[in-house]
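Report on the following structure.
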Amino acid sequence: MTVRLALIGAGRIAKVHAAAIQSLEDADLVAVADAMPGAAEALAARCGSRVMGIDEIAAHQDIDAVLICTPTDTHAGLIELFAKAGKHVFCEKPVDLDVKRATEVVRIADKAKIKLMLGFNRRYDPNFAAVRKAIDEGKIGAVEMVTITSRDPRAPDLSYASRSGGIFRDMTIHDLDMARFMLGEEPIWVSAHASVLVEPEFSQIGDFDSATVILETASGKQAVISNSRRATYGYDQRVEVHGSLGVLNAENQTENSVRLGTTQGYASAPLLSFFMTRYTASYAGEIEEFVTCIAEDRAPMTTGKDGVLALKLANACIASVEQHKRVAV
Amino acid sequence: MTVRLALIGAGRIAKVHAAAIQSLEDADLVAVADAMPGAAEALAARCGSRVMGIDEIAAHQDIDAVLICTPTDTHAGLIELFAKAGKHVFCEKPVDLDVKRATEVVRIADKAKIKLMLGFNRRYDPNFAAVRKAIDEGKIGAVEMVTITSRDPRAPDLSYASRSGGIFRDMTIHDLDMARFMLGEEPIWVSAHASVLVEPEFSQIGDFDSATVILETASGKQAVISNSRRATYGYDQRVEVHGSLGVLNAENQTENSVRLGTTQGYASAPLLSFFMTRYTASYAGEIEEFVTCIAEDRAPMTTGKDGVLALKLANACIASVEQHKRVAV
Amino acid sequence: MTVRLALIGAGRIAKVHAAAIQSLEDADLVAVADAMPGAAEALAARCGSRVMGIDEIAAHQDIDAVLICTPTDTHAGLIELFAKAGKHVFCEKPVDLDVKRATEVVRIADKAKIKLMLGFNRRYDPNFAAVRKAIDEGKIGAVEMVTITSRDPRAPDLSYASRSGGIFRDMTIHDLDMARFMLGEEPIWVSAHASVLVEPEFSQIGDFDSATVILETASGKQAVISNSRRATYGYDQRVEVHGSLGVLNAENQTENSVRLGTTQGYASAPLLSFFMTRYTASYAGEIEEFVTCIAEDRAPMTTGKDGVLALKLANACIASVEQHKRVAV
Amino acid sequence: MTVRLALIGAGRIAKVHAAAIQSLEDADLVAVADAMPGAAEALAARCGSRVMGIDEIAAHQDIDAVLICTPTDTHAGLIELFAKAGKHVFCEKPVDLDVKRATEVVRIADKAKIKLMLGFNRRYDPNFAAVRKAIDEGKIGAVEMVTITSRDPRAPDLSYASRSGGIFRDMTIHDLDMARFMLGEEPIWVSAHASVLVEPEFSQIGDFDSATVILETASGKQAVISNSRRATYGYDQRVEVHGSLGVLNAENQTENSVRLGTTQGYASAPLLSFFMTRYTASYAGEIEEFVTCIAEDRAPMTTGKDGVLALKLANACIASVEQHKRVAV
């Protein structure tokens, strides 16, 4: 079966997904939609697709699924529209910044019996996936403590940050999902600390740039997340899982493998610093998962429900910081 | 000047200190005392020292300083005794498990104008010392976030644990001191989570074997500590300091540097798993510091006051866990 | 300027080059030729190209250059044919297994004033290229000693080996080119040792599977190459350059970055074991270099002459082994 | 049984051995001899030993064995003297720079039925010993190719070099012994290249500072040695053994385990650069081996015969370089 897809949005991430679709044998990019006709046309031309409008795509019989790559505030509406049209939906996170609205949309998607996959792409990173696989194979016994280090190369500009929902809903949310993925059990307690250490302007918009979060599950498993909006040495993305029989560490990716030894000691390359370069394989992996789920009629690993649960944890972090207390989820 | 020393206690750690003293040009081990005469005699014979009683050492004119290597509950009394006798004192941590008593003893030592050095040996580890030195040289700019991973190779037996003061006052206290050392600013907030994941028996004595702690300073710097009483892969002792200009990582020490590559991938040695082997250099370093401080008449880097401050943080951790809340220090 | 290209051959490596061409903005794959029409058609369909015959391509006005991806024994003839037709030529190594014939073909290409680029792809590997760049920037001062470790994951089958020209002309030749690239000076002496340690059958065809080579230049710079036809732990491809001010090491690439620590020590992934996966970036890089050289009318870094020089060194290795002596080049 | 030892020589390496003896339970340092009485007295005082003359030690009934730590040209005579006196002998390498004389001395020691151990200390390095142990355990199957990288931090001064016997007999000889240790089979062919790249003055004394050597055994196993008299990044000491089932790598030792990540990438410590610091454990290990061999009446791992065989290989290297040819051993 060939899965026929449409891209909603023709921006940077849409282009990445378009390339992933082209590399798959059983997927076909039929249409591209974008508010800016020029962008849609350019991408469509490069991929041998057609430009269509949202409604045309929703009504089109030869389109099985859509990939929503538009601004966050359009996600919920578009998911609802395409779900009702019976199209499977892949959507960049989040479903919505409001838990109630996000929950409602997930319910609509469920009712429409479509597949709603959320772009928590990091679960498809070959390194993190290998960690999860090793856990499943019993390599470290029972999971006890998860440590996630996640630092952006540089802080976003204020205009982006002010629309982002804040560090916990914009950045930490990826790590909250990763913690859930690795813990294998839902957190019931959250302690979060946050401060402004990088960009003083973040105070003005009530946001933070540095945060530490502890999650604890009912059985006492613990996860800790360390976030910073700026790491001079690159995009710092590490996961460690400590268990009863051992430990698993997924290390960072560097620009190259060359070391220079001199009287000053050794020098080596910084980390990959662009999220698209660092997560190239995981972006391709999530699209392959989406297409395969449709072809094989099975549920994706990251669904709208995962989006809602991560959002609830992000909101608990915010409450923990604001109220200077540990919060029950 | 040759510094003339006496060892109070002739057990395992006393032997380590005796060897350190022998390797120093400007130090002389004059006497050894121990409740078990045989142990004192054996150690004295090996070092060309004499066996003496506590009071004899306190009264002896040719002894400048003592190293207290006896059980925890004797520390406070011995420090007081030797301080009043005008001897400089090196004491294994803690001064006392009770903050009030510890504070009192520190005051007595201050009043006696003796040097009271506390054995937070990890600050003298060449790796952690190199991290601190690099911070002082401005290599990473302003310190923002400290991450300390500290896991014992195996859980102590229940009888030890029940006399230890609990994980926070026995084990985490080293990491709390390390956090203070690296942060360069006192924590004012503590959030701690703890559970029993390793040895179910720890529940019976009201202790924990797995803990995560967040410390936050007035300016918003954050430190996180991850503790486990059991790491199958060895003695896991890492420190990471993230700053405005860069990051510093002190990595673990392995048994050897050999890698084996086969069809299964690469295999390499586990971590050093005995604390005396892992911290060989830091035990020697702290004794050198103590002797040098006496010879040069300057204050040691780790004093009784550091012991009190770390103990207060440990107590805050306990309160945070017991009351399920963030605690102000 | 858009460079219009034709692929001669539609096999495995041709497909890799086709994908590289598609990813370049200024290159267009116009035609595909193959002795097996089905293979050519399949590849052409996937790339939006046309199937043409050799002569049609040679005569076609709208084709600037060809990529020769056919069996070794056809290289010389095809280069000659396309050079005389005025097409630029990218050819997989070698030009020919016979030095005289290879030299003649290079002369024909020179006379035709076309660009003849040889596929010594490893020079375009980002790691090895970073080593060369660091040398050029003076990071290690004067180059003194080069160490190249190059081991295949598994020995080729006898039928391939017997047509390959032997280990030195088939496998070592890449390392001989790398040594020339890193030394920056031509070798004048060769000492080679070789034996059959992996596959006894290699003795029957007069070939070897394990070899060590020393190259020495007029100024005394030395390079050593260590080859094996089988490395259980993956595709072992390392380069080290030792100079007056420092050393550069390009390390291996592993399947992922995950480490597992247990009581047995640490385990990590084997090396990438497929040459196309290991050298993905260098295959793309050499095609980009070829297209750019044509667009900018400059000479490629790896020419037919480099092929002839590497072949002469390979022949010197064979003479050294056969005659049990050091050979002057 | 306590083994009673005397030190012949009281210089730098003698002090290292004295400390090793003191740390052993079953060894006693009875006497120290040195041409300079002051040096002998200082060392004896520090160790609770007596100063004696050579003849007194040879005649002393309560001395079981001697450690010869005097200049190279005295080794043969002293070994002969003490062997005839029935003392076991540990001697720093070489026995003698002349193969004939060295062979004669080994024969004398054999005849006297004393243990003659040669200080090829590197075999007792925990890392290289772990490599050998893994080979013996079958971890890499049959040994095929050995790669030894051995570079001094800085070139010796000319006066030392001119008395040293040249790079092959002074420096490479350690690596030739290591190659024999790892190959487990005697080399029958030697190809050596050498040049002056570091210190032009070495040409004046007919010596070299940069060398590459290939050794080949009867069954075709190959070893390669890469030597330089100067490595800016520290004391470079690596061993790699490639076998039918895998590969073993003993990596370098660095000054500390700290990494600094900044916008420039990662920086880490240089290698340990002093041979006594790098080989601390192996110096202690060889003395323990010597004492144990005497106590248990078994042959040491490194004997005078190993010294003769390594010297023959060194001489073959010299012949290979001088005559520009491969040499049969």
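Labels for the chains are A, B, C and D, by order of writing; each one numbers its residues from 1.
Simple rule for what comes next: a contact is a pair of C-beta atoms (placed from the backbone, for glycine too) under 8 Å apart; a residue touches a chain by one contact, two chains touch by 3 or more.
All figures in this text were calculated on a predicted structure; none of them were measured in a lab.
S.K.: Return the chain whose centre of C-alpha atoms lies at maximal distance from the corresponding centre of chain B.
M.R.: The most remote chain is C.
S.K.: Considering A-D alongside B-D, which chain pair is linked by more C-beta pairs in contact?
M.R.: Spelling it out, more C-beta pairs touch across B-D than across the other pair.
S.K.: Approximately how many whole Å separate the CA-defined centres of chain B and chain D?
M.R.: Their C-alpha centroids are separated by 39 Å.
S.K.: Measure off the straight-line distance from the CA centroid of chain A to the CA centroid of chain D, and report it in whole Å.
M.R.: For chain A versus chain D, the centre distance works out to 57 Å.
S.K.: Going through chain C residue by residue, note those that touch at least 2 other chains and give them in order.
M.R.: 231-233, 245-247, 255, 261-263, 269, in rising order.
S.K.: Spell out the part of chain C that touches chain D in their complex, as residue ranges.
M.R.: 142, 144-145, 147, 149, 151, 189, 191, 193, 195-198, 210-212, 214, 216, 219-222, 224, 226, 228, 230-233, 236, 242, 244-247, 320, 324-326
S.K.: Residues of chain D touching chain B in their complex?
M.R.: Spelled out, the residues of chain D in touch with chain B are 48, 126-127, 130-131, 134, 139-140, 245-253, 255-263, 269.
S.K.: Help me check something: in the complex, which residues belonging to chain B touch chain C?
M.R.: 231-234, 254-255, 261-271
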